[in-house]
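Shared between the two complexes below is subunit A, which pairs with subunit B and subunit C, respectively.
On to the complex of A and B.
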């Protein structure tokens, strides 16, 4: 019984948790520096495997090069969206019009992804060989391990960036107080661009390691977007640590829903839990309520 | 002539003419023609957008849940008509009701959390609604939906003809248009705009936020569900694919592109946005690109939409220059120094462990004017903020007319009779001057100073806001007039106590003189005033008593004339040793 719980719930829950933690982390990276969140973020994630798949299928490039193409595509898309749909509103994040402009960008990015394969779902060919790593009752597929490793690498990488580098401190400072940062000669516009690029790296890693689990389709991004956002909200938007905890909560919830109920109820369960959390602890586990300036 | 003009100016007037033309045109094209179908579809979008304009336009909430309301309404109508045999009218009414309940469920848990949380929650509702529709197959038909939806208009009649349905949809639109018009120009409409434009400013007029957000969502969802029910009857079927996230975004785009919170905007927006898919129906691949680009361009190039005037006319209630009787029926205020109106005792407030103010005690008699002065950062504004409830105090008490106020919210304290102005005026950009004044008058709490109407309108005329300027939107006013208007609002509410935070900052000498005259008149009719000020001339000219603060404590108090004689005041404030 216990072994069943471990193999059916804990292990896949852990992997799903890593996936949603990665998605949530992308949102948090954007939020930390700009106090905005791109609703096109799901499409950054989708475009990385999509571009790699195009390079693989249409151009027959080697896998390593395809992966580079994927990373570059996510970066390019992120910079474009930042320039067109986020930067014009960087001085007034509390007016929330960027929700609409980034939604518009998301529509365009998603529809452009219909062009290469007519919107058909395709399997992602670039993955680790099928095989298992056994540890007692647990058995991880190599791809599972890759996802877990990616989550760990991203966590450590961002910890180093934000806590140990000058750039990281600037990225935090500019989100805390854009005007103050500007007075110190830091350009919030530039930092918005840098944070978009940083988020796109997280997005590319996410997209490339999860693509073998999901099929590659224009809808891949939107599937991850809402659940990932819910995960970020669980932990408290703007907290990397919170994003990881939120990701695991959501991951286990989804796995439990699939195992003990039906995966058709996923949205209902995740969303219901989010509503309960909003009523009990509005700002998430690690979030802080915004201060009111008078 | 004027009767004709008035008829044309009322929504029922021009609306019914437009509706009659529309019904005639649909009859001419033939109700089952493609063109008529498209026109009716735009009408239905118009209904949903008018509804969404209440939470999204007037209240500024980015609701992404109108698609959920629309879908719920459509399914409710289909199930009620097909499984329970209800008539069309009953279906529409019940769908509206169910939509309202959905709005309450959507907003109630998260209305305190701000725009972002509500946007996410409403988006979640749209996703979940679609999933639930598919899950409850036995009722909803699952992913296939339900077909062959017809019903009689009223119970006992034969099934409704397409012509009847077309006319019904146009009439529902007309009804919603009129209701929306009068809603916007009612007290409720003004209140919602005030909350949207400045939540704290609205609270200092005694307007709370939470209940209004839930209310606005309920109205918006109810009308959205009504539109959805019409949609179900128009299509004779319901299908889960038609109610997804894109529809929610589409409705929001209609409201924003048309002009959020305006009287015509949502209709204009639903025509413009609704026409895009119709004009491009031959090129289904280009459509989403254009739609995405339209979203980005709208918020970048015309964030206020096509219709930009968001102020609305005021009907009925307005106690302007004309009604003098209120002013003449004045009981002359008696200054009664023995019974304090406001008593502040041992007030204390910390921020993250740092004591901002401590041991602040003073009392205020009816009609007394006190000034709080002190160096920057000495805690003057914090005292005001703690008294009026922006920051709940960590110790001490605030008693107004024998009633304890500490711990209550800003809006509750404002309703109890404390008016407030801010260092930066907190007014409502999207309202006209007249609407703003009416809003304050309607929030009057009936304190001593309700008799000041005449004084205040005279004052407004002196600063250049005569009655012919009352149609101007507040966003057009220069700084000086904004400050004066804010004071006028607080006074019009008839507050017992006015808290004025650096009310002279940025005023010209002439404007300052006018303000001084007004404040003296207010004090004479019984309003007690606390001013926080750096202009010592102003303080000397008006204050009965001066309190000097330094590093969060009361340092000195006394008559303004004695101010410079105090050595400690000089040391702390005037910089002499």
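On to the complex of A and C.
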């Protein structure tokens, strides 16, 4: 019985949770400094493996160089979106125009990703060999282990950045009080760029490790976007720890619904749970309630 | 003609030279004309283009199907225009993205149905989208060739002008059950499918096929789009004694199912739908993982081994045209492309048979029962039947072998005539 729960629920839920936690974390990195959500974030994720694939297929570059190209592409896309679709609104987070501007950027980025391979789905060749690490009835694919490792590395890396560096503290401060930060000589615009780059690194890692599961196509990021966003809001937007908790809750909910119920009900269960949480804690598990103006 | 002896020698010589020149010129003109005629037998096209609307999901969850289908449409336009167009008029395709969204498909259908120059609308081949798109198409009496599996679409009493170039869900299920039971000796059949209308419809059709074959109902398990590991669902089927597996999913879902079978080290007799024809699947999961899976049903004309070891000229024409659109290194699905390609070929044959581009005349021609030759096979429709091909025109291939734009597909052993 316990073995079944572990093999059917815990291990697959853990891997799915890591994937959604990584997506949610990217949203949170952006939110911490700009108080905006980029709905083009799925395209940062997609463009990393897409660019790596282009370098591999068309230019025949070595794998390590292709990965660097992928990271650079995600960074370039993130900076572009930040400049045209986020920065004009970072002082006006409550105007919500960024919802449309980032969605518009996403449409353009997805469409442009049709050009290299005519929109077809391609296997991602820069991945670990297909194989499984088996221990009794338990089995992890090598790629599962890579996803878990990536989630751990990102968590540790962001902990160090936000808790142990001056840059991290500045990134948080700018999000909490952009005017105050400006008065201290910190440019919110510059910090918005830095947070976009930081999020792009998370996006690149996410894209490169999940691409072997989902194939590389212009829609790779889009299919992770909404569940990833649900995970981010579940844990609380702007909280790295919340993103991980949200990712795991969503990952386990999806897995449990599919195994013990019916997959047809997955979204009902995920978003129903989210609604219940919102009714008692609208800012998510680790989110911060907005300060009330007096 | 006699040379005039009264002319001076020099003039006579000049005249002979001139005549030689004239003969050479004439020969040149004639050979150029012959070469032109041979190189483009019917390229002379005049008149306004015949517009055909194509609605497919180029974005969203089912974009893999839509992109492959639109590639087929572009290849067909190239193929037809290089053969004189339709009734001597060039063909033009108007493409709309349904974004895997029923409402958007219906909006696109309304827009295209409102364009008086569009005579036919093809796609999106996704059942929900086609059902939503049907009212404006039917109300204008436009021709709509489809590959959506819902049999009700092809009931002329409900939809005047929808014609099927693929298979209905019932035909597919009959094929799967027959293949797994007769050719692979499966005793207990299970279905794993991606949650959604297509999957559910396929499960229902599988149950009907099993009942018709006098077999016990199939066990079924569904998984959500975006799942990377479905081994828990597969384990349930395996533990229940399933030894024949029908897989209803596409693209990443297919990767998840096959990887999960490997994870469980379970090797049932399995059959997957058309998405298994994509070379990207083999790249993603490896050849070994596909050895025990048959993919289909695919048109026999694209199975090289079926047609005496060589592809038919029509199939070669399809592959040549598709290659021009997607390049020789294409890794995508060619089967959805051939279904769409054939819609154009049938329309050309019917319009030229009817000697008219008027949708009503084309429909009446198709319904007259005259066989219409496509690349997949020879279609035969009637006033009461808009399903043009029987399942016997379809076979299966082993996706472990190439199924590419260069070679076509290689038939799976023992899977040609289930």
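Things worth noting here:
Quick note on the criterion: the second predicted complex is superposed on the first by the 282 of 294 C-alpha atoms of A that agree within 3 Å, B and C clash if a C-alpha of one lies under 4 Å from a C-alpha of the other, contacts with A are read in each partner's own complex, and residues count from 1 in each chain.
To be clear about the criterion, contacts are C-beta pairs under 8 Å (C-beta built on N, C-alpha and C of every residue); 3 or more make two chains touch, one makes a residue touch a chain.
What you see is a predicted model; the values in this text were computed from it and never measured.
The superposed arrangement places subunit B and subunit C in clashing positions on subunit A. Contact with subunit C, but none with subunit B, is seen for A:141 once the two complexes are overlaid on the shared chain. Once the two complexes are laid over each other on the shared chain, residue contacts for A:282 go to subunit B alone; subunit C is not touched. By the document's definition of touching, of the two partners only subunit B reaches A:233; subunit C does not. Judged by the touch definition given at the top, the superposed model places A:77 against neither subunit B nor subunit C.
When the shared chain is aligned, subunit C comes close enough to touch A:15, but subunit B does not.
Looking at the shared chain after the overlay, A:97 reaches subunit B, while subunit C stays out of its contact range.
When the shared chain is aligned, subunit B and subunit C each come close enough to touch A:264. Comparing the listed stretches 57-65, 93-101, 237-245 or 363-371 of subunit B against subunit C after superposition, the clashing one is 237-245.
In the three-chain superposition model, subunit A touches both subunit B and subunit C at residues 110-111, 114, 222, 264, 266-267.
Looking at the complex, you find that subunit C touches subunit A at residues 58-61, 63-64, 67-68, 71, 195, 200, 222-233, 235, 251-252, 255-256, 259, 262-263, 278, 280-286, 289, 325-326, 329-333. Across the complex, subunit B meets subunit A through its residues 62, 109-110, 112-117, 119-121, 123-125, 127-128, 131-132, 134-135, 200, 245-246, 249, 252-253, 256, 285, 288-289, 291-296, 298-300, 303, 381, 385, 390, 422. Residues of subunit A touching subunit C in their complex: 7-9, 12, 15-16, 19, 57, 110-111, 114, 117-125, 130, 132, 139, 141, 144, 210, 212-215, 217-219, 222-224, 227, 254-255, 257-259, 262-264, 266-267.
Those residues of subunit A that touch subunit B in the shared complex are 84-85, 88-89, 94, 96-101, 103-108, 110-112, 114, 222, 226, 229-230, 233, 237, 264-268, 271, 274-275, 278-279, 282-283, 290, 292, 294.
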